[in-house]
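Below, each structure is written out as structure tokens.
Heads up, the next two complexes both have chain A, just with different partners, chain B and then chain C.
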Partner chain A sequence: MTGAHTGLYVYAFVRAGRGLPGGYTGIGPHPAPVRLLDRGRLGVLVSDVDSERLSGLRDADVTEQSELAVRAREHDQVVRAAAERGPVLPFRFGTVLRDDAAADRLLAEHHDAAMALLAHVDGKDEWGVRLRARSPVGDEPEPDRSSGASYLASRRRHLHDLDRRRGRQREIADRIQQDLQSWAADAADRPDRDSLLDIAVLVDHSAEDAFLRHVGQLAAQAAEAGVLLDTTGPWPPYSFSHAALEVRDG
Partner chain B sequence: MAEPTVSPAEVRPVSGTSVVDLLDRVVNTGVVLTGDAVISLAGVDLIRLDLRLLLVAVDTAARLEEST
Partner chain C sequence: MTVQPIQPRRSPDSLADVLERVLDKGVVIAGDIVINVLDIELLSIKLRLFISSAQTAKEMGMDWWSRDPFFTTAADREPIDTDRDSELESLRARVRELEGQVQDSGRELR
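What follows is the complex of A and B.
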């Protein structure tokens, strides 16, 4: 895979020496082996890519079979394999450096910052917790149509009930958010996706069972208020890998 | 770490491996590199993708609710 469009796809920072065993390949329709580049105590997992070959993603639709989904899973699989061998700090999907020399400058210039972030996520997984209000479909009582005044009164009562219901749901979402924030090693609000709460929490491996039991109790409390709680995970610490690092040409 | 698993029975199970959840993470989070040694991956319009994910997520939420 040589040519004008060859680049170096970067998956994640790892600790030095924590490469993947032979046989792991990276992203792309003709994937190259995943390699580890080391500098000091820091490493980065990379593979050679032909960036032109990944260009069919422009109009990819978001389905399981789309090229985008396939590439994202390849990215995720490398990150997960690395996470089995030590802490990882994933890069955003689609990050390509010019060459090995650029990766070496990345390692040299951001060594201490990356090591600190790796230490923060060491021994922990990310879990997603999401709350959604169950929409009150079919809840509306048949309005009292015996007179104009009683009709308006029953409508008003219904809107008042909806208001109270929303207030209760907001309350329980806030309470669960505080609870999770105090419980987890770290928590990151995720961009709101039309839900009452969308939060990522960082949980120590040793606390995983207790965490899931706890979330189960929260789900039962939420259900009483007409709120659906769902969880995803374990994830590599994607939501806890926030840093913007500069890499200049040498 | 294994593939994402569905949580224990007491937690409302959800498609932990759904492509929307995955893309939401790999596209919107992670360490960002800037500078002239970074080649942008041809064709990935992340802002448009983010918008599309938002639409799909809302749609998924609606379907999830219908099925309960």
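What follows is the complex of A and C.
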């Protein structure tokens, strides 16, 4: 692809030599092949991209069918394909470098830091665990309407019960959080979205079965307190690829 | 306490889960080797709105307030009105009765 708006989309750091087989294409409506650029023991997966086209996503709405959704899943697909062949450090969605020379500078300047992070996530997957309180709507007992005073008293009892239940749910969420943190190789608290707990844990492949059995136990304990436990995964280590790397020309 | 383990719900990776990761996480590069093409902050705000509206609609149903007695009197109005009517009726009857007694005793006094 040539043109005034060509840039180099970057997907992930990988180890040198761990490129994708031919036939894998990258992001965009007219996707270019995914390429591997190497330097030393470090590599980066890239594809040429029309940066003008990509910048149009700024105005995209977030819906299941939106272009943003399609491009995000394409990004995820490339990262996942790479994760099957070795450790990956995904880049933030939408990262576009000027050209191959810029990618080479990136590889050179952050070689050792990136290799250390790759070693940290090697052989591990990210799992998401989310706890949500079951909605109390529908559980409410019929209020006592025999008089105004008894109605208010039954409302007060109900609100008090809700309070106690929230307290119990908070307790179990804290306990599960500590449990998961002590259990996993690494854990990252994720931004809360109306949930009691939203956590990402990094789990060794060899411990995956034991982890899922353990989470099953936790789910049963949570359910007794009216808390739903959801897991997602396995994911590439998105939540464990936190690094801000600065590269300037010259 | 022994509890039977349950299979945790393995939800398929939803768009929200994917976007939360690819937009919010990952290695960030700063510097002039980067062509700045996306306003990630703006996209993140849209993502938050998308997540919370989907979540809210799913959790509550769109008509949740119609079932909460704190937010609606529609369900209560009828029985209360009936009570009030019958109470009024019995009060009226009692007043008629007392008025009758007063008139009777007045007649006697005269």
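One rule holds for everything that comes next: the second predicted complex is superposed on the first by the 241 of 250 C-alpha atoms of A that agree within 3 Å, B and C clash if a C-alpha of one lies under 4 Å from a C-alpha of the other, contacts with A are read in each partner's own complex, and residues count from 1 in each chain.
Convention: a contact is a pair of C-beta atoms (placed from the backbone, for glycine too) under 8 Å apart; a residue touches a chain by one contact, two chains touch by 3 or more.
The structure presented is a predicted model; accordingly, all values stated were derived computationally and were not measured.
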Combined model on chain A where chain B meets chain C, clash or fit: clash
Which of chain B and chain C A:Glu224 touches, first, second, both or neither: second
First, second, both or neither for A:Glu84, with chain B first and chain C second: first
Partner chain(s) touched by A:Pro143 [first = chain B, second = chain C, both, neither]: second
Which superposed partner A:Asp125 touches (first chain B, second chain C, both, neither): first
Touching partner for A:Ser239 - first (chain B), second (chain C), both, neither: both
Which superposed partner A:Arg73 touches (first chain B, second chain C, both, neither): both
Common ground on chain A, meaning residues reached by chain C in one complex and by chain B in the other: 7, 10, 13, 51, 54-55, 57-58, 61-64, 68-69, 72-73, 75-76, 89-98, 102, 105-106, 128, 135, 190-191, 193-194, 212-213, 215-217, 219-220, 228-232, 235, 238-239, 241-249
Residue ranges of chain C touching chain A (in the complex, touch as defined): 3-11, 13-15, 17-35, 37-40, 42-43, 46-52, 55-56, 59-61, 64, 67-69, 76, 79
Residues on chain A engaged by chain B in the complex (per definition of touch): 7, 10, 13, 51-52, 54-58, 61-64, 66, 68-69, 72-73, 75-76, 80, 83-84, 89-98, 102, 105-106, 125, 128, 130, 132, 134-135, 190-191, 193-195, 212-213, 215-217, 219-220, 228-236, 238-239, 241-250
Chain A contact footprint on chain B (complex, rising order): 1-5, 7-8, 10-14, 16, 18-46, 49, 52-54, 56-58, 61, 64-65, 68
Residues of chain A that touch chain C when the two form their complex: 7, 10, 13, 51, 54-55, 57-58, 60-64, 68-69, 72-73, 75-76, 89-98, 102, 105-106, 128, 135, 137-138, 143, 145, 155, 190-191, 193-194, 212-213, 215-221, 223-224, 228-232, 235, 238-239, 241-249
